[in-house]
Amino acid sequence: MSENDDAGDSRDGGNEHSDTGTNAGADELTHTTAEGDVQMVDVGDKPDSERRAVAAGEIRLRRSTIEAIREDEVGKGDVLATARIGAIQAVKHTWETIPMCHQIPITNVDTDFSLGDDRVELRVAVETTGKTGCEMEALEGVTTGLNVVWDMVKAVEKDDDGQYPDTGIDNVRVLQKAKHRT
Amino acid sequence: MSENDDAGDSRDGGNEHSDTGTNAGADELTHTTAEGDVQMVDVGDKPDSERRAVAAGEIRLRRSTIEAIREDEVGKGDVLATARIGAIQAVKHTWETIPMCHQIPITNVDTDFSLGDDRVELRVAVETTGKTGCEMEALEGVTTGLNVVWDMVKAVEKDDDGQYPDTGIDNVRVLQKAKHRT
Amino acid sequence: MSENDDAGDSRDGGNEHSDTGTNAGADELTHTTAEGDVQMVDVGDKPDSERRAVAAGEIRLRRSTIEAIREDEVGKGDVLATARIGAIQAVKHTWETIPMCHQIPITNVDTDFSLGDDRVELRVAVETTGKTGCEMEALEGVTTGLNVVWDMVKAVEKDDDGQYPDTGIDNVRVLQKAKHRT
Amino acid sequence: MSENDDAGDSRDGGNEHSDTGTNAGADELTHTTAEGDVQMVDVGDKPDSERRAVAAGEIRLRRSTIEAIREDEVGKGDVLATARIGAIQAVKHTWETIPMCHQIPITNVDTDFSLGDDRVELRVAVETTGKTGCEMEALEGVTTGLNVVWDMVKAVEKDDDGQYPDTGIDNVRVLQKAKHRT
Amino acid sequence: MSENDDAGDSRDGGNEHSDTGTNAGADELTHTTAEGDVQMVDVGDKPDSERRAVAAGEIRLRRSTIEAIREDEVGKGDVLATARIGAIQAVKHTWETIPMCHQIPITNVDTDFSLGDDRVELRVAVETTGKTGCEMEALEGVTTGLNVVWDMVKAVEKDDDGQYPDTGIDNVRVLQKAKHRT
Amino acid sequence: MSENDDAGDSRDGGNEHSDTGTNAGADELTHTTAEGDVQMVDVGDKPDSERRAVAAGEIRLRRSTIEAIREDEVGKGDVLATARIGAIQAVKHTWETIPMCHQIPITNVDTDFSLGDDRVELRVAVETTGKTGCEMEALEGVTTGLNVVWDMVKAVEKDDDGQYPDTGIDNVRVLQKAKHRT
């Protein structure tokens, strides 16, 4: 993977759509026009490039739930298998989930779960050969994958009142955004 | 809204599907069978009830980006309008996004954004008259709505290398899960 | 079909959501809050009723194209069969196509094409047992069905420059909206 | 934008699929085979080109409704923002809405609303780099966008009987279809 | 499960839509009108009932592939977990996959794989509380689930020419269709 | 159509992802990692090629049902027209139906029904210019198309108990998988 040089040709269109000053302002929001109307960004003049984005996030769970996932993992692993599939499908559906996203050809999705003592981390890498970056796809993969984990362990996370005092999703971030894979 | 008494008849089916002990274990994961195979939960015997769930989460942004959203908000508000619509659509699509979810009749979705100095909080309330709870719908609304905000402000959040050092989603949680709305 | 008495309990929620005056104003747009934010309408308190809506519209075509459809109709009829299916699918997908629509249980869809000399009229009737009216479903059926006709006859409607000087969709309207089918 | 020279290489496949005579006939309907069976058109031999299509249409509304939209526009604009998003999503979903359409890479969508005294016009421009034209995408954007406007103003368009005597969609047309954007 | 008494109130509408004679004929195809036009069946007058359908089918595979699935099953089981999820999602999407199907509330889906020497059998049971039967949902679950198995083992089923001489899906059938679950 | 030479560069990724021995094993299942986790296959390094796959299958029906389809065929043909459209749409949706499939640009779909005495055969040919083969698309077209036929003739296939003793789908197979169309 080469050094990243992705500024200015992201999906947002970068400078060609806004007179970038030193301070961000509403006129630099490339998904809105000068009049403030929401818009897609024209990517017709962008070349097809190999692009990659990696996002990550984690879900806080009870220690006993983590144990249950580990046991399941040792046995069949269907909890995480289901979350993996949910994450991959979310990546592929990002063009309809995020209203202003373009549909881009996804060439690869990697999902990586790691179990801590009181949390599960999910890392999703997405690769495309399209005209825009794929960090939104990676983020959708992470948040949906973590939501699927939540769904799969609801029965053991809820307290006696049916609430989720211990459960939460945190630290969702983009680890890397790069172009020109080598 | 009455006191919540939702434990035991959640979408997971609660006790009738697992011999609940005092410690959580893989055999209490109601989305997997005794053999560990992933499954939907049978809700055929559950009554239709009025149910409500509220989830929330926040996205950390640069202060200058918050200003841009405020300016846009004062003007047209299309950044948050787009995120609202993304959140509502995500709520309605949860049955296909989260593999083991049932499709339930959504009767209401409320989205509430509040802008802090360095973050935007999104709160999503979902109501249904179905046979299972709707916290996954509320969570999908929150995470997708925040992802849409991210998408809408990408141009002003990226640094010169096209990375997002300051941006992140945190504190995604279920605030309330209730049944028998009054 | 009984007399219609649908005012005030439509999907919009009617009067209970707005202090209706004699003049329409932005504060009566029930899909926006008092603050102007887009919202779904809460239908949780509405009863399930039998509802019906009928919409219609027409597509202007060259006389020679109408003849081609008639010939096809005499033979196989796949042009109109495809448009019928497109219309029915559009009715079923309205909850995701129109952002603020609820998903309602469609119990029946009738599609009726009539061929004039220079136009094809499509009439779509939709019935539901849900909590809101179904005129948006009927309208989506009509406009999509007519668009499918357009797609199916493109080759014979285009002029030598690849343009459509004669083709157009007009007169899309709601013929009837009723509740309490008898 | 160069002069249009799109005849003969449209999505329909033009002459290579039909022995074009001087009069249109069922044998020139390229979406049906010689036997009259519905079919997609083979675009495998078509080159990728830059293509653009512009469609427009209008919705007739009460003058008081137009005023409400203007007020909303001055304030937040969520009525038209929602319609814009509905139009853009409809453009992206055309490959599944119109049964015989191919999925093509949409590179840009422009939506332009103009408010008259008693009507709102919507103009949608779509650009692609694919193997077929995109006029169906533009038409779907227009009709869906106008249907969303209808949905957003239902409460103020209905008469006391819950009917829509004044509301209608008209004049839906393709303004331009072009290839080889320069 | 009570004795089945489902004839005459199936999704097809049975006798009330056709003058049933002793021999089947085109006029008894309830998804086409008397004029032969495709149509949905009106289920507005049908009561909501508890309904269940079970379908099954099998995929022929190389013995070595069955071994690979068994090994995987012993280890993680992701091949069959993925097929299970594909089957469940196909069940939930039947209303859009099969053009004339209604959307019905699925309350339960059971998937059961059994591995033979040279084939994998999949059995899918679907339950609903809707107005029509759910055998199409069960069939879609079976055929899609088996297709997912095919997809997951492609690398070991193809011969040196990239063909599938040994692979096939057979014996897809409805085992049971019942109403009024007790 | 050139000779097929598709082994080794199929969607599965072939040898580059597994140390192929003489016997198939779980470590050769390219849709699972060495650890057994489900994954998409990275196709980023594969060239775009013209690819074609043909699949077929058949549905066993009562002789009287075949007659009804023939009558309908002579008249309007909407039974098979609907099945054709269902098959084509299923081909286009394969990327979401089969969890590990990539979305590829479908350039052509051919559907061919032939009516025997007691069965209907459906053959579906799919062509793409993408980075992976399209046999899953052809298989999804065949199984869904046959399921649509089943749905369309339910009323005349069911016995007096509402069961389907004579109906079944068999012999679903890939007839051809090829690359480099000439």
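Order as written gives the chain letters A, B, C, D, E and F; numbering starts at 1 within each chain.
Criterion: contacts are C-beta pairs under 8 Å (C-beta built on N, C-alpha and C of every residue); 3 or more make two chains touch, one makes a residue touch a chain.
Every value quoted in this text rests on a predicted model; they were computed, and no experiment measured them.
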item: Neighbouring chains shared between subunit B and subunit F, ordered by label; value: A, C, D, E
item: Subunit E against subunit B, contact positions shared by both copies (same if over half, else different); value: different
item: Whole-Å separation of chain centres (CA-atom averages), subunit A against subunit F; value: 31
item: Subunit E and subunit F, separation of their C-alpha mean positions in angstrom; value: 15
item: Sequence positions of subunit B contacting 2 or more other chains; value: 36-38, 76-78, 81-82, 84-85, 89, 93, 99-100, 103
item: Chain pairs that touch, as defined at the top of this document; value: A-B, A-D, A-E, A-F, B-C, B-D, B-E, C-D, C-E, C-F, D-F, E-F
item: Subunit D-touching residues of subunit B, taken from the complex the two chains share; value: 76-78, 81-82, 84-85
item: Footprint of subunit A on subunit B - complex, ascending; value: 4-8, 10-14, 17-18, 23-26, 28-32, 35-38, 57, 62, 64-65, 67-69, 71-72, 75-79, 81-82, 85-86, 89-90, 93, 97-101, 133, 135-136, 139-140, 143-144, 146-148, 150-156, 158-164, 167-174, 176-177
item: Residues of subunit A that touch subunit F when the two form their complex; value: 50, 77, 80-81, 84-85, 88-89, 92-93, 103, 105-111, 127, 129, 181
item: Touching residues on subunit A, where the partner in the complex is subunit D; value: 36-44, 95-96, 99-100, 102-103, 130-131
